[in-house]
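Chains: A, B and C, in written order; residue numbering restarts at 1 for each.
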Amino acid sequence: MTLSADVRVTRAGDFTLSAAVSAPAGTVTALLGPNGAGKSTLLRVLAGLLPLDAGRVVLDGTVYDDPTAGVLLPPERRPVGVVFQDYLLFPHLTALDNVAFGPRCRGLSRARSRQVAQEWLDRVGLGDLAGRRPRRLSGGQAQRVALARALATEPRLLLLDEPLAALDAGTRMRIRTELRRHLDDFGGVAVLVTHDPLDAMVLADQVVVLEEGRVVQCGAPREIATRPASRYVADLVGVNLVPGRGLGGDRVALDGCALTLPGAPVGDVLVAFPRPRCACAPWRRPTRGGPGPCGSSAWSPRWTGSWSRSKALPTSGSPSPPAPSRTWVCGSTPGSGWNRGPRRPWSTRVRRRTDRLRRSGERSRPRRWDRHRAWRPPSAGPRRGRAIVGAWVTGERWGWCAARPRAARPCWRA
Amino acid sequence: MAPALLLVPALFGLAFLLVPLLGLVLRAPWGELPAQLGSPEVLGALRLSLVCATAATALSLLLGVPLAWLLARSTFPGKRLVRALVTVPLVLPPVVGGVALLVVFGRRGLVGEHLHEWFGVSLPFTTGAVVLAGTFVAMPFLVVSVEGALRAADVRLDEAAATLGASRWVTFRRVTLPLVAPGVAAGAVLAWTRALGEFGATITFAGNFPGRTQTMPLAVYLAMESNPEAAIVLSLVLLLVSVAVLALLRERWMGGASR
Amino acid sequence: MRRRAGGTGRAWRTPVAVALVSGLAVAACSAPDQDVAQVGETSRSAVVFAAASLTEVLTELGAEFERGHPGTSIDFNFAASSALAQQIAAGAPADVFASASPEPMDQVVDLDLVAEPPVIFAANRLQIVVPSGNPGGVTGLADFADPDKVIALCAPAVPCGGAAREVLELAGIDAKPDTYERDVRATLTKVRLGEVDAALVYRTDVLVAGDEVRGVDFPESERVVNDYPLAALAEASDADLASAFVDYLRSPAAEDVLRTAGFDVP
């Protein structure tokens, strides 16, 4: 039981989605990407709500959509279940009738479909709210009813469109954990659309990164996190990608400075800098005569692969290199000072992974890490740091190539 | 407190609408009311009016709701034109509507000719013609109202139903229609009242024969020729019946919907 | 407020000055020519409320009258006589009333709204009218009792309906009409459209309809003649013009026009 979709759709305007996705049964594939990347379009194609212009959608050997063969199965004839972004529960039906709607449409008797619905509501822990109208359900409850409704038809393809986006942070964490449990139980192919990397990391077995209608990277969550192939992914997973040039001899020239990276190749490279919670850069005037050494970096950069115009990255897809931009480099590299990063809850799962890595001592100096943590200003509030794999403070210090911090509050090292 | 610039015209407007009704009530020969109400002509006209208005509303629902769905949910070339044409009877003088119906469904009309030839059916001067005339003038109200409701309803709910395995028809019946029920009810009430008051198209297309095609408005008009007092009484009866029915419907449907 | 009053004052000062100057000019000329004075007068107008059956003939006579009396205009309101009587009783601004039967006129007379006693200026008779080609095969009044034929009559409340009922009673025929139309023109229209097989309307109306319909004479029509009373009204805005038009309608020239249109002239 597998899903194999080669999707080419042109929408009004000149947006073209061209993506190939395949997934075996029992796995969860996350479609990760910024708004307008085509994630939801891809999901709509899989659900049958949008016909293909070209390509092919096959599930378990059954062709659902193939324009050249003239095959197009309407959504009601596909074994799909969809959890929509804002759930789209039928407002005029009770929770029970919402869940019973699918089984009833698929031919079960009224009594039997209600029985099935009740079982599903029990499974998602809402058995006692069966008689409620959606209007009287909380966001989390509505999400669970929507999940029950989608699963009650026993689909072989489960599509989830930003299932957690409409929830507040606290609920989201709980529902995410629950969703993980239900997805583990689900035997078919699940495809999840999200723009939150944490959802993708926690829920998915495979992450497909979409940008501007194209797949830019595809792989296991960990691989995506550690080897981001594009600036968007890097931003998402918490590293900064800086285009540089390998000079040979482990030297890499960046915008305005140079640093030593063991094993760096010669030619165009992307250097990944973890985005720190609190960066500490001793402010020093540039020395005369061009780039100085970057040997004093506060953070040890890791690198994600070489970039060459004629050669693709080791990961799938073919991203264009981020345009070198002074503000971008200097505004987001470790030297730029206080950088809060996007507000994201700290997942226990990711934290554990981080802890594990920290324990392994891989290039890490826990003492310094702790010291940095201790400097977190009170304004940072209860938010925790990001899950950054491989970002460890070393004794080196970041050089002068960072620009002066902008409005952000700097956190100087003592 | 509302600003005077709004309040004064509002009160004038209210007076303008209510004073004529008040005049009707004041000038009514109340003594004659029971006798008039009991007379077979009035009862016949009243019954005919209610039956025909209800039948016209039913016919409007049967044809108008699908039409509204078509206008709201599908795309086809010339849709804007069709939408404009559908609302034409709203602005058309009903007499013109009557003439148009006569030209089409009359014995020598485009359609009526064949009806007469093949089935021996002649629509003018029958109760059916009254219903048709009422439907012609009332259905646009229903279509406009239901189309508005359909446009306001979330199409994605239909998509959700489709992904759950519901065919287009099941989706329409179990999702779309319940969602727009308040709009349908409002449209039906509008259509009913419009059909009840219908005069011009009826007298032109259906003629005027007591018990068969003479509805209350026609009875009022003709009574005005000979016996104005009776006309006032008839008007009053029509007024009372419409107010009563509207009040009842409001309780039952609109009230429930606006809750 | 004061500025406003001043403005209004200026606004009406000019016409007054013009009037004064022109008055002086007229006095200076001091040549009282009747015709010139008449032409110089603001145009006079009268509103005639007339039965629908008079539409064509009175429109023609009104135009004729206006030609004979420059500076006058005759405006018409054609409708069912009974409706017109209602409107006059309710205070509609009418100068002359021409009814298609005595009853509506009597209502007006009873309310003391006429300037002088009504006079009969025309009479009309009923005629059977059938669509051209006579699809129903109607030959006489007897066919009106045939339930299979589609028959239209005027509503009993309007004059042609009253006359029709009278004729049918005289002939001893139990008519089976399918509709009682609201006035004679509506009845005629149903015949013109071919929706009915026969109807009873005035002879004059049959003439108006031209080739689309055919009139069938029947002997009983002689016994029910509809008189058309005419009266200038008491509340006429221009009593002279109203009575002048009433007189004109009784002149030989007007009688010729009425006869041509199918009316009997007493």
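Criterion: a residue touches a chain if its C-beta (ideal position, glycine included) is under 8 Å from a C-beta of that chain, and two chains touch if they have at least 3 such contacts.
Per UniProt, the chains are A = Molybdate transport system ATP-binding protein; B = Molybdenum transport system permease; C = Molybdate transport system substrate-binding protein.
This structure is a prediction, so every number in the text was calculated from the model and none was measured.
Colleague: With centres defined as the mean of C-alpha atoms, identify the chain lying farthest from chain C.
Modeller: For chain C, the chain whose C-alpha mean is farthest off is A.
Colleague: Taking each chain's centre as the mean of its C-alpha atoms, which one lies nearest the mean of all protein C-alpha atoms here?
Modeller: Taking the mean of all protein C-alpha atoms as reference, the closest chain is B.
Colleague: Roughly how far is chain A from chain C, going centre to centre by Cα mean, in whole Å?
Modeller: Once rounded, the distance between the two centres reads 87 Å.
Colleague: Calculate how many whole Å lie between the centre of chain A and the centre of chain B, each centre taken as the average of the chain's C-alpha atoms.
Modeller: Computed value for the inter-centroid distance: 57 Å.
Colleague: Measuring from the mean C-alpha position of chain B to the mean C-alpha position of chain C, what distance in angstrom results?
Modeller: 35
Colleague: Touching at least two other chains at once: which residues of chain A meet that condition?
Modeller: none
Colleague: Would you tell me which residues of chain B are touching chain C in their complex?
Modeller: Residue positions touching the partner: 102-103, 106-108, 122, 124-125, 203-204, 206-210, 213-214, 218, 221-226, 228.
Colleague: Provide the residue numbers of chain A that touch chain B in the complex, in ascending order.
Modeller: 47-49, 74-78, 80-82, 84, 88, 90-92, 101-102, 105-106, 149-150, 153
Colleague: Going by the contact rule at the top, pick out the chain C residues touching chain B in the complex.
Modeller: Contact set of chain C toward chain B: 80, 82-83, 86, 150, 152, 155-158, 177-182, 186, 190, 193-196.
Colleague: Using the touch rule from the top, collect the residues of chain B that touch chain A in their complex.
Modeller: Contact set of chain B toward chain A: 154, 156-157, 159-167, 170, 174-175, 178-179, 181.
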